[in-house]
Amino acid sequence: MGSIYGQNYRIAIFGESHSAAIGVEIEGVPAGARIDFAALQAFLARRAPGQDAYSTARREADAPEFLCGVKDGIATGAPVTAIIRNTDTRSKDYGNLANVPRPGHADYPAEVRFGGHQDKSGGGHFSGRLTAPLCVAGGIALQLLGRAGVTVQARAIRIGGETEPERMKAAIAAARAECDSVGGVVEAEVKGLPVGVGDPMFGGMENRIAQAVFGIPAVKGIEFGEGFAAAELKGSENNDPYGIVSGNVAPLSNHAGGILGGLSTGAPIVFRVAFKPTPSIGKEQDSVDMSARTPAKLVVKGRHDPCVVLRAVPCVEAAAAIAVYDALLERKKEL
Amino acid sequence: MGSIYGQNYRIAIFGESHSAAIGVEIEGVPAGARIDFAALQAFLARRAPGQDAYSTARREADAPEFLCGVKDGIATGAPVTAIIRNTDTRSKDYGNLANVPRPGHADYPAEVRFGGHQDKSGGGHFSGRLTAPLCVAGGIALQLLGRAGVTVQARAIRIGGETEPERMKAAIAAARAECDSVGGVVEAEVKGLPVGVGDPMFGGMENRIAQAVFGIPAVKGIEFGEGFAAAELKGSENNDPYGIVSGNVAPLSNHAGGILGGLSTGAPIVFRVAFKPTPSIGKEQDSVDMSARTPAKLVVKGRHDPCVVLRAVPCVEAAAAIAVYDALLERKKEL
Amino acid sequence: MGSIYGQNYRIAIFGESHSAAIGVEIEGVPAGARIDFAALQAFLARRAPGQDAYSTARREADAPEFLCGVKDGIATGAPVTAIIRNTDTRSKDYGNLANVPRPGHADYPAEVRFGGHQDKSGGGHFSGRLTAPLCVAGGIALQLLGRAGVTVQARAIRIGGETEPERMKAAIAAARAECDSVGGVVEAEVKGLPVGVGDPMFGGMENRIAQAVFGIPAVKGIEFGEGFAAAELKGSENNDPYGIVSGNVAPLSNHAGGILGGLSTGAPIVFRVAFKPTPSIGKEQDSVDMSARTPAKLVVKGRHDPCVVLRAVPCVEAAAAIAVYDALLERKKEL
Amino acid sequence: MGSIYGQNYRIAIFGESHSAAIGVEIEGVPAGARIDFAALQAFLARRAPGQDAYSTARREADAPEFLCGVKDGIATGAPVTAIIRNTDTRSKDYGNLANVPRPGHADYPAEVRFGGHQDKSGGGHFSGRLTAPLCVAGGIALQLLGRAGVTVQARAIRIGGETEPERMKAAIAAARAECDSVGGVVEAEVKGLPVGVGDPMFGGMENRIAQAVFGIPAVKGIEFGEGFAAAELKGSENNDPYGIVSGNVAPLSNHAGGILGGLSTGAPIVFRVAFKPTPSIGKEQDSVDMSARTPAKLVVKGRHDPCVVLRAVPCVEAAAAIAVYDALLERKKEL
């Protein structure tokens, strides 16, 4: 029951790495909203594989087909469903994985969970490929948020221990050369959100964003504002004093990352997301034969990214946009 | 809509810092389950205020009254509701805060969100006091998990930059002496969970635990396994190889923190939670008069913890237990 | 998981007939909303037992205590929780029922479902007494709807086969004299709802109202507009033609009961609810000893209503008000 | 937010009468479950149009394409999504309806709800055509239930006031000849469900089935067991006495329709559903021009059923199966 997110902008993601298609059903796109397909396609292109030397060579058009809910670019008010055909699947590349789980992937717990019936090739429903429909839903949310004056922007701030773009790319290239992989950190900023969006306790902006962002494969941590660094500060250092800015109450600093008590403060929401190094590496690894229950060596063939962080940047924007737009609608019904 | 968590072990927390009572309604306690009230009370005592020199002097019995769902210590199958009376509220201590929001607290966004109608004294529904009913629900979940062979244990691993217990306490004492506060990090471990618990995408163990844990006030970050450190590792370092242990498949290391693809791997689930320094400090702070929209100085009087981290340890256990038990029930219906 | 209803005005009902208390937690009461306690109490009085010769002699104050979410009669925006103490329980009256299920009651399936741990006396969580917290939540919803120009009114239109008030009362009195009971039909009307409230498919006004109304014990049927009689009509008879009324589009008749495609049409929502005769009767009945698995005769002692229909009238209003207000909030977030 | 139903077998229906495709996403098909496509197709054929002289001439293959979640006929554990292309739409037939709402259809409230952006042709998301994906999800649920020993069977018991099959068909033919339509009643029976399935209050079997069944267009009433007739009975007549049958406790009659307190009693669940006459009739009707706000005459051209009841029979089975299987899974997690 993990494929649905949201109460007001509710998305249901479906598909597997090598099924006929993947896609998303969205409830909550307001009737009459224009969907800018060109802008959406440009957004999707940012996560698409095969763009440059730094990501996987698997090439797919990844152009979503909208099955319903949109007519002449305008939302009808009915659920919007878009699918993306899986055209270039080469499942044979994964054939040898069926019985030897890849370290760092979901293969082994999925085998137990689904009794061996899960689509083993390419990660099945756990595949990073499922971030494509996430980005379809997120790309639409970004457009809807944009019209409400809210922007979401993310960027890689660390890859393979490097913080400068050129050095990040060099780290990726080095990892590729070693048949290894690197991880990194993405930082995102949500601007323009009114004060008081979010709900107490389990409905806070941190809870909502975290629940969405951990839906992106390889995410292992999230922190808001000072985050883990706040644990080292004193209250007098970490508290954001208030002042009057342009006649309005506003926090004068933003250690809180724009959230207090789960509610938006009017300052930008700032959060960082930790991505582990992509587990698909070319190096030989120790694994097991799950049937025989014997040790086995594994060499993962096929195409893989030495680093998912760059492609994950729009995914973080998408997940955040979905969470923020859902929270904004929740707030709206009280107004 | 933020006060409800869970689909299978569903809790609805209610109350405000100075309302007549606080409490929790729980659906999903199995009929026939024994609730060990003594063990529950001992668990609640760990978060209760006024235990030692290091926490707030506010003293309350915090003994929950069970209104329904339990008879002679045995769950009846009906919803379990427990309340805790607010007996020692001294709301006058907070009187001067009504119009001058405390930096670092929810006061200002709550004022906007609730149009000034929220219970301003003591944080209202945002109060750390609401962790008492969280611990009631979590304490029961811990008992139910324990009978299924699953344990949850947390401890403070950093306070005020210190990692040794005695130095942590010294850091708290120093903060108190300065009318300031310190934050810290709590690490938790869930042991004994079967392989394959959790759901793909938004229902993963990370998503579930994060959504619950961010419901504890002052939490600003969460990471699983290597967490943010994983971003610095290579795939070959971060992947956990598999081996055969006692005849079973098992990861031979635990960089993943016991979770892959959102599913439990059989290794302990390990996560760390960052707590900001408690925002209630005795030092004078810059704030504003929200009505007059003029700057104002604020000195928060009354009782406050210079550090919530020690009392937060059982809260982290409670939140994790609720999330894990809910996921375990989700899994059960497939078996 | 049946005790929670709604997405936007979400109620969680708890308690058992003979537990310490029963009550309801409500999320979604707008901050700043005034709760008219006198009006609420007057509403609750309509379902309270012991009012006249026609209902049970069990007398309880049934005055809810509001634990939180309301301050000086104004909603704070936090969840509102109200409890009603069970003061007059006489559980001994039900002692002989523990092992011999009452025909027409939930006793037997509840025994199986809850493994014999359910509170057997007085129906436990299945008791009609749980309609008291339903009416607390519904009474508040009625007030909130009233301020939006929406009214909900129900009345008994049939009792024991009679349609005239005096003859209905006579039928009840006759049933009482025979140690028997009678059922009836309640008709409700929701006026003032704007056009277009409700959602397609499973979120239609019929779906929503039915899901809430079947939460009242003893309800066995619901129909909207012409209902079952529509099955006998021709399309040309049952369709409501449109006309222009006071400058606006309006249906000129109301066979549809104010709902088309699940959406409100602007005409009053009209529905009827069938109540079975109350199963608690004084006559000797055939039952079984569940332990011995042998036939047993049962005579139910204690106090019981020969007819719940009159007391159910405000319960139908409450359930409908909760459903309608929840749908109205759902609509609001699109505006 | 009306297109999703269920917590454990959760379906999300999408599509519009004239969109590119319609379909359904299903979470909760157990990994390893075989889907019998031939049996599913035979089930779908029962609701398909164009089968005989009694239903609409619109002919469509209505063969679902499974996009994911099934491999070689076996469920993988990932969400199952199936789509049906809309190949024969002839939207021009509906062109003249854009501004003149059809009496008895959702056209007018949908126009208000969706601001005129809804897909007007053929009923959009309100179209009876959406029962095709309902039947896909229901057909799979029927197979899963069947393996658990539970069957669901429905049949028309009244059409146009007639109760004999031949006379029902004659009534339909007569209505067609008059360019009119007739309604009817479908009765369904669920057999083999264990005792104690369902949840108290809003999660009762009646609540669940009603919420699902009102998702079928044209349904205006539902009753369980004696239903509205129970309102005319005495308690001593309506109560089902218990006896020992084959060594087990069992109700000796079934006035309750297999449900007490929302829980299954072990007796068959019996319910009846009232269908209004299909609102699409060839006769001239009074309507309005919504833009001009002037009266208008309407003649609906194109193909329409003079009676949907026969095609609705499998839809009732589908809706009931979805509700019952969802409830069964809910129960399973307690075992």
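Letters A, B, C and D name the chains as they come in the text, with residue numbers starting at 1 for each one.
In this text, contacts are C-beta pairs under 8 Å (C-beta built on N, C-alpha and C of every residue); 3 or more make two chains touch, one makes a residue touch a chain.
As the structure is a prediction and not an experimental result, all values here were calculated from the model.
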### Task
List every chain that touches both subunit C and subunit D.
A, B
### Task
If you tally contacting C-beta pairs, which comes out ahead, A-B or B-D? Let me know.
A-B
### Query
Where the CA atoms of subunit B average out and where those of subunit C average out, how many Å apart are those spots?
37
### Message
What's the distance between the Cα centroids of subunit B and subunit D, rounded to whole Å?
### Response
44
### Summary
Expressed in whole Å, how far the mean CA point of subunit A lies from that of subunit B is 25
### Message
Going by the contact rule already set, what residues in subunit D reach two or more other chains?
### Response
1, 3-4, 7-8, 13, 31, 78, 110, 113-114, 125, 200, 330
### Query
Which of the residues in subunit A end up touching subunit D in this complex?
1, 3-4, 7-8, 10, 12-16, 19-23, 25, 27-28, 31-32, 65-69, 71, 74-81, 83, 110, 113-119, 124-125
## Note on the structure
Contacts from subunit D onto subunit B in the complex sit at residues 7-8, 30-31, 78, 200, 329-330, 332-334
### Task
State the interface residues of subunit D toward subunit C in the complex, per the touch definition above.
1-5, 7, 13, 101, 103-106, 108-110, 112-114, 123, 125-126, 130, 158, 160-161, 175, 178, 180-185, 194-204, 206-208, 210-212, 214-215, 217, 219-228, 230-244, 247-249, 251-252, 255-257, 260-266, 272, 274-281, 283, 285-288, 290, 293-295, 330-331
